[in-house]
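Paired with chain B in one complex and with chain C in the other, chain A is shared by the two complexes that follow.
So, the complex of A and B:
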C-alpha cells in the first residue's frame, strides 16, 4: 500500500470536540482498511485569508496532518468523506514519495564555464561536427578539391 | 573548260589517261536537285543501247569464264579450311576418353580436398561459436541470479524497516493516547537558513533569541 499524507485544516473548536473530529477522521481511515503511521499537530493559527466553507466564514484554523497507508482505490472515497465533514475547512491527500538521493554539486557548478564537465561535453560535440579544413600552406600551389 | 574546272575527278582522269570516259554530268549547275523531272520529259523512255550479236556472245563468254574461275578458287579455299580444321589441334585440345576420365577424377579429388578443408574450418568456427554462446548464456543466468538476489535483499530490507516502523503505528487501541500526545506536542517544520548554512528552526525567529 502506498503512503499518503492527509493535511487538514480544522475549524476552531474546544479541545474535546477537536479530539473527536480527529478520532472520527482516523476511524474512517481505519474503516477503509488503512494504517496510520503518525499524527502531527501543526498548531492553531490564523488562516492566510477568510475561508468560506460549509456556509461559515473561518478566520482561524487548527492545522493537523495524518500519515497513513491505504489502497489507492480508497483515496477518492476518503476525500469525499472528509469533504462532507463540516468541522474540516480544508483537506488534501498527498502521496508520500521516497526522497531521491541528492548529491551536492554546487562546487562544480560554480566553476568557470571552461572547467565545467557539461560545457566540455558540449564543446566536444561541436568539435565532432567540425569538418576538416584544407591547409593552404601544405605545399600544393593549387586547391586539390572541388570548390 | 568549265566542265573540267567543276569536276574534281578531271585531274585524276587526265593522269589515268581516260579523259572523257569517266565524265560526270554536273546537273545542279543547271537545275536544283530537288526539282522534279520536267513535264516534257516525264514519259520519256530512254532508249536502250544497241548490242550486236558478236558483242553479246563475247561478253557472255568473258562473264562465264570469270565466274567459273572465281568459283573454283572459292571452292579450293573452302576445302583447304576444312582440311586444316580436321588435321590441326591449334585451337582445341583433343583428349582420348581415358584422358578425359582421368581429368574428371582429378577435378573430383581437388573438389573433395577443398570441401574437406572448408569443413574443418567450419567445425572449428562452429565449436567456437557454441562455446561463446554457452558462456554468454551462463553469464546472463548468473547476472540474472545476482539481480534477483539483490532485489530480494532490497525487499527484505524494506520489510525489516517496515516491521521496525510498525511498532510506532497508531492503532485503534492507542488512538486516544496518540491524539493526546500529538495535541500536546505541536511540531513546526519551518526553518530559515543563512549563508553559513546555519539552520534556524521554527516559524518565527524565536530560536535566534534562544
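So, the complex of A and C:
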C-alpha cells in the first residue's frame, strides 16, 4: 500500500465539532481498509482568498493534514466522500514520495549550447532529417532529376 | 567552355611536371636529410623537458550547483515561506529557470510544490503573501542568469 498525504482545509468550527469532523474523515479512511500514520494540525488562519464552497463563502479555515496508507483504487472514492462533507473546504491527496538521489545538473545546463547534451541531440535529429542536395556546379550542364 | 578550361588545367599540370623534372633529384636528397633528422630526434623526445606534458585543464571552473542542491533542500508544498520566494510579488507568477538559477529538476519540484500549495489554499495565486514581502531575495528578476525570450 502506498503512502498518501491528505491535506484538509476545514471551515471555522468550535473545537468539539472540529474533533468530530476529523474523526469522521479518519473513520472513512479506516472503512476503506487504510492505515493512518500521522496527523498534523497546521492551525487556523485566514485563507489567501475568499473561497465559495457548498454555497457558503469562507474567509478563514483550519488546516489539517493526515498521512495514511491505502490501496490506490480507494483514493477516488475517498476524495468523492470528502467532497460531500460540508465542513471540508478543500481536500487534496498527494502521494508521499521518497526523494531520489540525484546530482545537480546546473553546471551542464550553463555550458554554451554546442556543449550541452540536449542541444547535441537536437542537432543529430536535424542531421538525420537532412536530404542530399544536388550540387549545381558539378559539371553537368542540365538538371538530372525531375523538377 | 568547361571542357576547354579542364583541358588547359591538365596541360598546365603536365608542363609543370616537365619543368620540375630537373629539380627532382635535389628534392629527394632534401627528403632523405629530413628523415635522418627525424630518426635521430625520436629517442630524445621521451626525456626532453621542453616537450608538452599531458595534464588536466588548469583553467577548468569548479562545477556550479544551484542554491537548493547546495543546501540539500527538497521543496515541500507546506513550506510556504520558501516557496513564496520563487513567486513574483506583483503578479504571483512563478519565476522561470532563467531567473531563479535552479537546475531543471529542482525548478520542476518548486513549480509542482507551489501549484500544490495554491490548490490546498496555503498560498495565494495572484500575489505574494504580504507576510513574506520583505524576505531576503535569492535572485534579481531584473538581472536574469540567461536573457529573457523577449
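Definition applied: the second predicted complex is superposed on the first by the 101 of 147 C-alpha atoms of A that agree within 3 Å, B and C clash if a C-alpha of one lies under 4 Å from a C-alpha of the other, contacts with A are read in each partner's own complex, and residues count from 1 in each chain.
The definition used in the following text is that a contact is a pair of C-beta atoms (placed from the backbone, for glycine too) under 8 Å apart; a residue touches a chain by one contact, two chains touch by 3 or more.
Please read all numbers here as calculations on a predicted model, not as lab measurements.
*Asks:* Would you sort A:139 into first (chain B), second (chain C), both or neither based on which partner it touches?
*Replies:* Touch status of A:139: second partner only.
*Asks:* For A:15, decide between first (touching chain B), second (touching chain C), both and neither.
*Replies:* So A:15 only meets chain B here.
*Asks:* Is A:95 touching the first partner chain B, the second partner chain C, both, or neither of them?
*Replies:* A:95 contacts neither chain B nor chain C.
*Asks:* Using the touch definition from the top, say if A:42 reaches chain B (first), chain C (second), both or neither.
*Replies:* Touch partners of A:42: chain B and chain C.
*Asks:* Looking at the overlay, what does A:117 touch: chain B (first), chain C (second), both, or neither?
*Replies:* Neither: A:117 stays clear of chain B and chain C.
*Asks:* Between chain B (first) and chain C (second), which does A:79 come into contact with in this model arrangement: first, second, both, or neither?
*Replies:* A:79 sits against neither chain B nor chain C.
*Asks:* Looking at chain A, does chain B or chain C touch a larger number of its residues?
*Replies:* Looking at chain A, the partner in contact with more of its residues is C.
*Asks:* Check the residue A:104 against both partner chains and state whether it touches chain B (first), chain C (second), both, or neither.
*Replies:* second
*Asks:* Touch test for A:54: chain B only (first), chain C only (second), both, or neither?
*Replies:* A:54: touches no partner chain.
*Asks:* Quick check on my understanding: which residues of chain A belong to both its chain B contact set and its chain C contact set?
*Replies:* Of chain A, residues 42 contact chain B in one complex and chain C in the other.
*Asks:* So in the complex, the part of chain C that touches chain A is made up of which residues?
*Replies:* Interface residues on chain C, with respect to chain A: 2, 63-66, 69-70, 74, 77-78, 101-106, 116, 119-126, 129, 145.
*Asks:* Spell out the residues on chain A that touch chain C in their complex, using ranges where they run on.
*Replies:* 7, 9, 42, 47-49, 51, 61, 63, 65, 89-90, 92, 94, 99, 102, 104-107, 109-110, 139, 141
*Asks:* Tell me, which parts of chain A touch chain B in their complex?
*Replies:* By the definition above, chain A touches chain B via 15, 18-19, 22-23, 26-27, 30, 35-43, 64.
*Asks:* Within the complex, which stretch of chain B touches chain A?
*Replies:* Contact set of chain B toward chain A: 165, 168-172, 175-176, 178-183, 185-189.
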